[in-house]
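Starting off with a structure, shown below.
In order of appearance the chains are A, B, C and D, and numbering begins at 1 in each one.
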Amino acid sequence: MSYRVGKITNIRSPTNSIKEYEIILEDPIEPEPGQFAMLWIPRVGEIPLSFADAEGEYIKFIVARVGKVTSRMHDGLAIDDRVFIRGPLGRGFRQVSGGRVLLVAGGYGLAPLYFLAKRLKADGCGVKALLGFKSDEDIFHQEEFGRFGEVEVSVEHGLSGYRGTVLDLFRGMVRSGSFDKVYVCGKEELNLAVSRECLRVGVPVEASFERIIKCGAGICGSCSIEPLGLRVCKDGPILGGEAIAPILEADES
Amino acid sequence: MGWELEGMSLDLEVELAGLRLRNPTVLASGILGSSYSLMKRVEEAGAGAITTKTITWEPREGYQNPVFVDLGFGYLNAMGLPNPGMAAFKTELKKAAENIRTPMIASIGGGDEGEFMKVAEHALEAGCDGLELNLSCPHVSGYGLEIGSDLQLTCRIIGAVRSVSSKPVFAKISIHQARPDVVSRYLGSGADGITAINTIRAAAISPESMTPILSNIFGGLSGPCIRPITVAVVYEIRREFPDAPIIGMGGVDGWRAALELILAGANAVGVGSAIARRDLDIFGEIIEGLRRFLTGKDFKSIKELVGYAQRL
Amino acid sequence: MGWELEGMSLDLEVELAGLRLRNPTVLASGILGSSYSLMKRVEEAGAGAITTKTITWEPREGYQNPVFVDLGFGYLNAMGLPNPGMAAFKTELKKAAENIRTPMIASIGGGDEGEFMKVAEHALEAGCDGLELNLSCPHVSGYGLEIGSDLQLTCRIIGAVRSVSSKPVFAKISIHQARPDVVSRYLGSGADGITAINTIRAAAISPESMTPILSNIFGGLSGPCIRPITVAVVYEIRREFPDAPIIGMGGVDGWRAALELILAGANAVGVGSAIARRDLDIFGEIIEGLRRFLTGKDFKSIKELVGYAQRL
Amino acid sequence: MSYRVGKITNIRSPTNSIKEYEIILEDPIEPEPGQFAMLWIPRVGEIPLSFADAEGEYIKFIVARVGKVTSRMHDGLAIDDRVFIRGPLGRGFRQVSGGRVLLVAGGYGLAPLYFLAKRLKADGCGVKALLGFKSDEDIFHQEEFGRFGEVEVSVEHGLSGYRGTVLDLFRGMVRSGSFDKVYVCGKEELNLAVSRECLRVGVPVEASFERIIKCGAGICGSCSIEPLGLRVCKDGPILGGEAIAPILEADES
């Protein structure tokens, strides 16, 4: 069948605008960090969500309240409710094994990076995560990342951690030259800025991109990123430096 | 044009209502044909011709998700003809006309004769090499099959577009128009060729949710499961109209399927939803497979195989 | 009738244009319904109703082999309406009427109004419980869809058979007749219910032999691959005609598929070519599956689910 | 796909009316003795044939010249020609292991019994085969059966072996009581007469039946045997004593 049925086993609300959903599927799946699923809520809609964790039948999503479907999820979903997913879709992060790795997350962009951190740690990497939030109340998942390595938090308005954007925090850090790879997931500006910096200093980088996902199968063209026509749902959502460079060029021109 | 496209070789070359294709594969409308960059990738993958997403005069949002269901044996979609409208699409068409050497067929959508005409004229202005009239999309109210169900209106539209077009005009039909009498009227009204077939109206209901899956409830069925229907349609049109240029599409998922449509009578074959499973590599696979088949059987040209299954 | 059929239980019982079925499964026409002994086996397997093979006035040989292709996702057949003709079939019908308690629907074939009438009258005489008019077989010249393509003739035939029949009359339609305006005319002419859908005209060509596979070239596509089409047809007829008795068929290969058609709006579901893979056990599997579903969801009767997916 | 493609590697003509075809398929199949295939010759027709042998990709058919398709096969097929088959179809013989087994063949009915004899011998049965032919020139496969056990041949008109029908030969033999199972394949009268005898003396019996095969999938009803509606293509072609008894009863009434 087209959708797998999952049952919600746990819901947490770490902040006002974020909910975490733990789900048990009927069959195990094997997503890679960076891959995503289309989550269908019958009579409501279907949206793309990155796997924030996965192990056998168990999967986790971290969902920010943004608009119609995410609000209905936040307000309406309860434990034992069923959800429908298709996936895993897209190409995940290409993982390094060993070495020092820097993760840069903007807001709910930490979702795929959490899953990635877990895997990287298991593969023997030294993980450092930079989590950027707007303000103190938005901070979440700091301790969870702590299990896999170092964590630093930035807030734009507030008292916790670094005061400023995660981009500023990152800039100070990457020049140290001690990272073998950088992974970033956040707003497009963050992805591009971090990638530009990495390309400049010569550190391999991968970023997770977003576009409107419709078919999720690489055929409708909805999720294309200019100028090369890379499809977020098939060629992405994770793109590496070589694929990002032309986007940066187009961005600058 | 004085140059040769890469991959142009006599064995697979076909002629289609005056268009010269390096091989018989054609990107189907609605599949990746919505921007210059995507069309460029399809050209690089080897396609013999490229059809754009259906273009309407005004921008269309399309339907809400879910819009696509993978059924295993085929696909169900109800995109709702999303497109940025002719004004915005024209920029892409122009870039494509300048930079893409594979023939580009613009798919034209319209809710009446006037819209078809306007969109067609602008597409021609932008430099496309052919037009395909979408008379058959089965799930958008006021467009596609709803126009195509009115034979007189359809013939008028074909005639009107024909009269302003310097490029070949293809009528894209559904299973319901796949009758000799209807096709004869289309050709008589000025269609230079037939594209057959569009998706078939269909729906899916999830037993778990007890609701339809598509937000629009109704969508169009494509993929391998409709291939036997396509084969019958193409066979019959070829039998009745020995000289009509036919782009056969519906269920092509590899070289064997492409060959089946060619043997039935298609001059060229559309590749659509199979890209969901095979990605763009499918063009290379079809081209290689057909070439191997030709060589193995000692045919000189793929043209010899068009309608071959009708010989008795 | 004062007795209860084995397996009769209120939860799955349905009423179909006055017929009382112990469960919503119906043997589709052309599948094993050609002799009393086969129909008896189907009753024993659990079917809620049984449709005979389409009966014509004169015997028909049918087409030469190959007549059947298993495509994996579905089946292609061109039997050619083989049957021993009404005179010989009547013996079987009579035995069945005497010994089979499951409602028996005789499928009537005809090349004109007169043939439909004669065959219908004899079938009623033999004791069948309902009639189904085959207006939709897509590959027999002079029969089925060739009759069904003529709306006026079809309505006359429906009216004529209706006027002589004490039993419910079902009009069996193809995808091409699955339009509200056509169905409305059929119901208005006297059809008590609609059977939807028959197979879809299709063909298969073997790349190895470069020939069509079926001796008749054209056949009918059935099986899972046409289910999304059936779902759309049933959904739409149910939406437009809330009270019309509908036998939905096309692609039922287990309880989930049966449920999908019921949720779309079918009162009963036909089981046809899936028997090729599942054999007669499929009836038991559907019945058990539906019963489990009802219990699990706390529904009292399968009737509550008819058209359930249309609720918003 | 629907058909498997096979290539003819050898053709023998043991008699004027019989040809044996050895075929190599693209993939191995695993038919049981008694099962059959539908053999399609493009532009000619499609007919049911019992597997006369099978091992991996290799299969053998023994074909009697009967009518349209079989004549076109005899006259037209050559080595390296391609044929198309679907199958294995139907239910094969239920094999016994060990014990003494009697095979009764009428004409080309020996085809499935040859394949069976080979298997029975491998399973440690003592095999005796009775092969019935019309006349001396029709005799074939006598030596081949000899490899798997004893063989006796009968001819109705001729000088070789037993003089009479294979039914007469069988009648004399089965009463000896020394067989644990009887398998028969021939014309319907032979099948029924042998089965009747076995049921009478209490020896388990199986017979291979023929009807017009069309769909070969158990749905069209063409191959039904009265009075129980057993389908040769699905419930058969091999039927056992319990299934044959009602046919005998109907035959007698």
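Observations, loosely collected:
Definition applied: a contact is a pair of C-beta atoms (placed from the backbone, for glycine too) under 8 Å apart; a residue touches a chain by one contact, two chains touch by 3 or more.
These figures come from a predicted structure and were not determined experimentally.
Centre-to-centre separation between subunit B and subunit C, using Cα means, comes to 34 Å. One inter-chain figure worth recording: subunit A and subunit D are separated by 65 Å, centre to centre, where each centre is the mean of the chain's CA atoms.
Here the spacing of subunit A and subunit C, counted between their Cα centres, is 51 Å. Shared interface positions of subunit B, defined as residues touching 2 or more other chains, are 71-72, 204, 211. Across the assembly, subunit A contributes residues 43 that each touch 2 or more other chains. Chain contact topology: the protein chains form an open path, each linked only to its neighbours in the line. Under the touch rule stated earlier, the contacting chain pairs are A-B, B-C, C-D. Subunit C meets subunit D in the complex at residues 30-41, 53, 62, 64-72, 75, 77, 79, 82, 204, 206, 208-209, 211, 213, 215, 272-273, 275-276, 279.
By the touch rule above, subunit A contacts subunit B in their complex via residues 1-3, 5, 38, 40, 42-43, 45-47, 82, 84, 86, 213-222, 224, 226-229, 231, 234. By the touch criterion stated above, subunit B contacts subunit C in their complex at residues 71-74, 76, 175-176, 200-205, 207, 210-212, 217-218, 221, 224-226, 228-229, 231-232, 235-236, 256, 259-260, 263-264, 293, 305, 308-309.
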